[in-house]
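You will see chain A twice below: alongside chain B first, and alongside chain C after that.
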Partner chain A sequence: MKPMKIKNLFAHWEAFLIVIFLAVNVFFISRTPFYLNYNNLMNSMINFMDKGLMVYGTMMVLMLGEIDISIASIITLSGCVAGWACEQGVPFIGCLVIALAVGALCGAFNGLLLVKFKELNSTIVTLGSQILFRGLAYMLLGDESLKTYAKQLSGLAWNKIAGIPIILAAFIVLTIIFFYVIHRTCFGRRLYAIGTNKTASYFSGIYTDRIKLAVFTINGICAAFAGMFLAAKLASVRASIATGFEMEVIAMAILGGASPSGGKGRVGGVVLGVFTIGLIRYGTGLINVSAETLKIIIGLLLIIVCAVPNLKQVLADIKESRRKSAGLL
Partner chain B sequence: MKKRITMLLAASLAATQLFAVGAMAAGVESKVGVKTRSEDATADYSASEDAPTYVMVSKTLSDPIFIDMYVGFSEYCQEQGFNCMYRGTDEPTAEKEIEVISQLIAQGVDGLAIIAADFDALEPILTQAMGQGIAVVTFDSAANPSSRQVHVEQASIDQVGRAQMNSALEICGGAGAEGTIGILSAQPESQLHADWCAAMLKEVEDKPEDYANIKVLDIAYGDDLPDKSTTEAQAMLQNYPDIDVIISPTTVGILAAAKVIQDMESECRVTGVGLPSEMAPYIENGICYDFYLWNPYDQGYLAAAAVNSIASEESTGAVGDTVTAGRLGEFTVEEYYDGGTQILLGDPIRFTAENIDEYKELF
Partner chain C sequence: MKTWDKKKVKHFFSDHSQETALVLIILVVGFLVQMRTGGSFLTASNLNELMRETSMLLMVSIGMMIVIVGGGIDLSVGSVMGLAGMISVLVLRDHRETPVVVLFLIAAGVGLICGIITGFVVAKLRIFPLIGTLGTCDIFRGVIYLFSKGEWVSQTDMTDEFLSISTNTFLGVNYMVWFAIAVVIFGYIFMGHTRFGRHVYAVGNSETNARISGINAEKTKWIAYMISGVIAGVAGLLWVCKYGCAQGTSATSFELNVIAAVVLGGVSITGGFGSVTGVVLGALLFGMLSNILPLIQVSPFWQRAIRGAVILISVVINALVNRRVERKALERREQNETNEN
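Coming up: the complex of A and B.
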């Protein structure tokens, strides 16, 4: 009965992910002595955690069976507006509020479009808003870079509390909050319900539109929040920052078990997804794998990840068709 | 249906990552193929375990001119018996460069020579590197004065910028002639290119009579990417059919512009900064009037020497310090216009139909 067991392993996504995660770590630890250094590890978090801070928003969007590819542009626009406001003399706290408000507005804009125009696909809508938001940022700042706002944030980037980078602490707090929201509240259960069957959820009395609007707004706020850490890391904001972030964040969420077809994903898995991709980036950098090769690794990993959960279904289908043809004979 | 589309998107997401790499690998190959360069030009050199390790950090790994600089960088390190590496990013963004630099800090390297993708954004990570005793030098494209110890300048920015505008005026027919000039730059974030463009415009401002009938268009940005540069050049030729000159102060841009002009059979001419090996055919068929460059091997060589000079505490990067640079002799650290310090390599070389044959095999 051994083959059954392997199948079960693949069926439990988190278990499979833990195997990948451990394999990645064992591989790097055996290849380079720098990998397990505490300071290096913590500093590597600072490099990939800004994407981790956005992952739960994206995860919730994916749970609904939607996708949002405008998050990178939301980071840029919220950062640029806050940076610009700071130059105009708005106090620092005001700038932070502005950044989050811009993020929420951008997210709500996506959500509203999707709720009001039900025929529209979220890919198309957010593709449009991705270009729109970045365009607005360019209109506001042109080619300038602003430093005042980012300088005041600088502590967020490299400072540590009790040996833990602030950005990692923020990620832990977000993880606890989202774990509670997704797995312990009515709202969370409704997300799974809508993602599994939207029509049925609607007729069982769930306000699907309100929830969709809320999820996209939360996603926008997450992006704006991550944007503060990015601005701190870059010590400046400009209209070209964060390009390409959305793909990596979506990759982390999907690797973590969230599915773009909706109704799937657990916070634990997504945490593993974030660390697996982040540590692969960190480790490959340490053993001097070129950036081009790294793309191949992450691309392949994603394809495998998308294919494996369906393996069981494929096998079952083959068996079924065999049985049918045997029956016919 | 909707679900299927989202699934498709996820699949294409993974696929684009792969295709991008395929395309990039192909690009590198063809670029190397054009030249008579040994295949492992970007290889690490390791002298011994105890020797210091110096790293050249490029903002675009596959850019042929940066690879040429690394050949010089590596030459110095091999002469002196140091370890050296070529590292960098696949796209010129500060986020990616920060990641690469932090991984190099983690490996405990001794010196970094950086082509900065962003003037300000590298400050936190480079301050950290210097705090850990790593020598930090920028070259080609500078980072701001507080994030470096010294900048290695290839040729006076002002001089190269003005010379390009002068060539453009010559193409139009000399002082007082009528004409339209377009500028195709690299990324707006790149300090070097911004400074060159500023120098070009200053030349126009300083000589109002010579340029009285010249119209200079808004600067277009090709981001040092071949496809974007091509699109921008096409747009320029379509929107301004009577354009006379495109100045492109970047190797990627000038090549893209020349190709577009050839394809569209336009009367427009190009000048700017380019690589002799790439531009030779266009000089020969007249599309490229002239272009400027310094010796990228020497530039990389001097950058390596500067890193070593600071790492070995021969100098601190302060004005008046002396930097010994092997076969290039001695250099004195000078003040740089941005408030920091610089080491100046020398004058640029002007390439025209007369001298192109001498250089086209070299770099």
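Coming up: the complex of A and C.
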């Protein structure tokens, strides 16, 4: 057996994440006695898990080396369309199907644009569709808010199965499904291949277009699914819900080890990423840190997390430039 | 001789297809709206208002263009605008005798600091620009609240001298428009006629190639972000001046409008390509859009969707045009080769 070296351990992003995760927990436990309260913890899950439900879609998009910043708008549009359909007398199950279908359509729309126009960058396409989708929601609802649909969903938000909130159970189920898909199927291996080298994978016989389209569609469905829980929690749907969600979801995925340059990320790491950011949100709430300061913390965390894998390279650069200047002198 | 001239004109249009298309669209849209509204669009007061409305977008677009051409993107400009506006107006509130020039220096300074931080994150720490600036966007937005403690600074806290900037005119043109014109001229000279501007294009095109050719890519990117920051800072103060109010959410997601204007102007989002003329036209078209939609009585709830659709359609059309241009160029090359043989 290979001897374990601490240095090698830290080469794994997940190990580093565990340290961050533990540090966060130790910090909050020492600061407030209310942190380790089972009910509090479970209720905090309800607050941040709706973002956790979207994280796997985003992770798969990032694994391809793409990015999707329209997910928050997909939540809004799917929720608003379903809510509107509900007011028109569509049965409840039909509304749920409509919500998922709208999510899938939105995702597929992004995917199709990117597949048909390869020279387009996913940043700009999803930026445009982000504005478009939310705009469509505003066209549909104006500044109204609809309650019927959300009321029928309300069980999703606060009910518990065997002591754990439904949303956490949903997250666990999703985690198992995506763990299987990403780490145990051909499809998952192909995601890594495409993210690492798109051209090479194309020439090795991978249908890169089809996979890209599928991943964006799945991402849309994930967003719509999370949107149901969000609607249930807010008890209404409006065209202004979920603004800025994409930022936090991307932060969770990247903290979890996915990289926007593609080909990286493991489900285990992403789970830790979700819980780290979620628990920071919960803990800072307990020790009276304002939402604005929390923004700074999450922004800083995002930058630090992205910087750590690059640090080696940065240090090497500094060394080289020093050597160069020394050599010149 | 005559055929040569024809060819030259043709080449001019194919080289500047984006600009030509934008000018045509602006003219057609202007004409249609003029017809529809029975002449209330092309009046001096409305055009002045349109320019005043668009001036901030125009300024920040130039800064954003420099960053995007350099291969990056800056999602933090909206927050920088809010932060610079807030800090300088807080100074004004507490020291009412502060001259306006000092306020602008403070705003530019705040923008510069923000730009240095963003540049450090992207150029030195080598974080993917989209993610890095998403982070700084949130940080700066949070810092606004640290300074303002959640309060608003309203018109009553500002001096008349300061507020008059957004309403006074010089040579019949609003001061804010002069600011925009100055920034456009700066951008034109900077990107087209200085060594550094050409470096930005080189780095955006291929960072490795630029580095091998002896260009300091890190420094180039860093300075691009600093310029964008300074411009955003000044624009932030103008924003406060125009709306007569500074609050924590000022200019939230303004960056999306800016990026949309830049992309409309034909700047390649992957870097290395784009002209100041295109960006000016793109910003004008985008500004026109927000001006004419209320004029032709489009519901405000529709405007967002129309804006999003315009961005997507323009990006797709741009791609199609580029494909066509490339195919034509290839055909031309092949023809030349066969002629030579």
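We adopt the following convention: the second predicted complex is superposed on the first by the 302 of 329 C-alpha atoms of A that agree within 3 Å, B and C clash if a C-alpha of one lies under 4 Å from a C-alpha of the other, contacts with A are read in each partner's own complex, and residues count from 1 in each chain.
Heads up, the rule we're going with is that contacts are C-beta pairs under 8 Å (C-beta built on N, C-alpha and C of every residue); 3 or more make two chains touch, one makes a residue touch a chain.
The shown structure was predicted, so the numbers you read here are calculated from the model rather than taken from an experiment.
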- [ ] Kindly say whether there is room for both chain B and chain C on chain A in the superposition, answering fit or clash.
- [x] clash
Open item on the list: With both complexes overlaid on chain A, does A:Lys295 touch chain B (first), chain C (second), both or neither?
Closed with: both
Open item on the list: In the overlaid three-chain picture, which partner chain does A:Phe133 touch, first (chain B) or second (chain C), both, or neither?
Closed with: second
TODO: Considering only the touch criterion stated at the top, classify A:Val314 as touching first (chain B), second (chain C), both, or neither.
DONE: second
Task: Partner chain(s) touched by A:Leu113 [first = chain B, second = chain C, both, neither] - done: second
TODO: Determine, under the contact definition given at the top, whether A:Cys306 touches first (chain B), second (chain C), both, or neither.
DONE: both
Open item on the list: For A:Asn40, using the defined touch cut-off, is the partner it touches chain B, chain C, both, or neither? Pick first, second, both or neither.
Closed with: first
Task: chain B versus chain C as contact partner of A:Val125, first or second or both or neither - done: second
Open item on the list: For the combined three-chain arrangement, which segment of chain B clashes with chain C: 112-120, 166-174 or 256-264?
Closed with: 256-264
- [ ] Enumerate the residues of chain A that count as touching chain B in its complex and touching chain C in the other.
- [x] 67, 121, 123, 142-143, 247, 250-251, 254, 260-261, 290, 292-293, 295-296, 298-300, 302-303, 306
- [ ] In the complex, go through chain A and note every residue touching chain C.
- [x] 67, 113, 117, 119-121, 123-125, 127-136, 138-139, 142-143, 239, 247, 250-251, 254, 259-261, 290, 292-296, 298-300, 302-303, 306-307, 310, 313-314
Open item on the list: Using the touch definition from the top, list the residues of chain A that touch chain B in their complex.
Closed with: 34, 37, 39-40, 43-44, 46-47, 65-67, 121-123, 142-143, 145, 147, 154, 157-158, 230, 232-236, 238, 240-244, 247, 250-251, 254, 260-262, 281-282, 285-286, 288, 290-293, 295-296, 298-300, 302-303, 306
Task: In the complex with chain A, residue positions of chain B that touch it - done: 2-3, 5-7, 9-11, 13-18, 20-21, 24-25, 44, 61-62, 85, 87-91, 93-96, 98-100, 102-103, 105-108, 118-121, 123-125, 128, 187-189, 194, 221
Open item on the list: With touch defined as at the start, can you tell me which chain C residues reach chain A in the complex?
Closed with: 73, 121, 124-128, 130-132, 134-139, 141-146, 150, 248, 256, 259-260, 263, 269-270, 299, 301-309, 311-312, 315-316, 319, 322-323
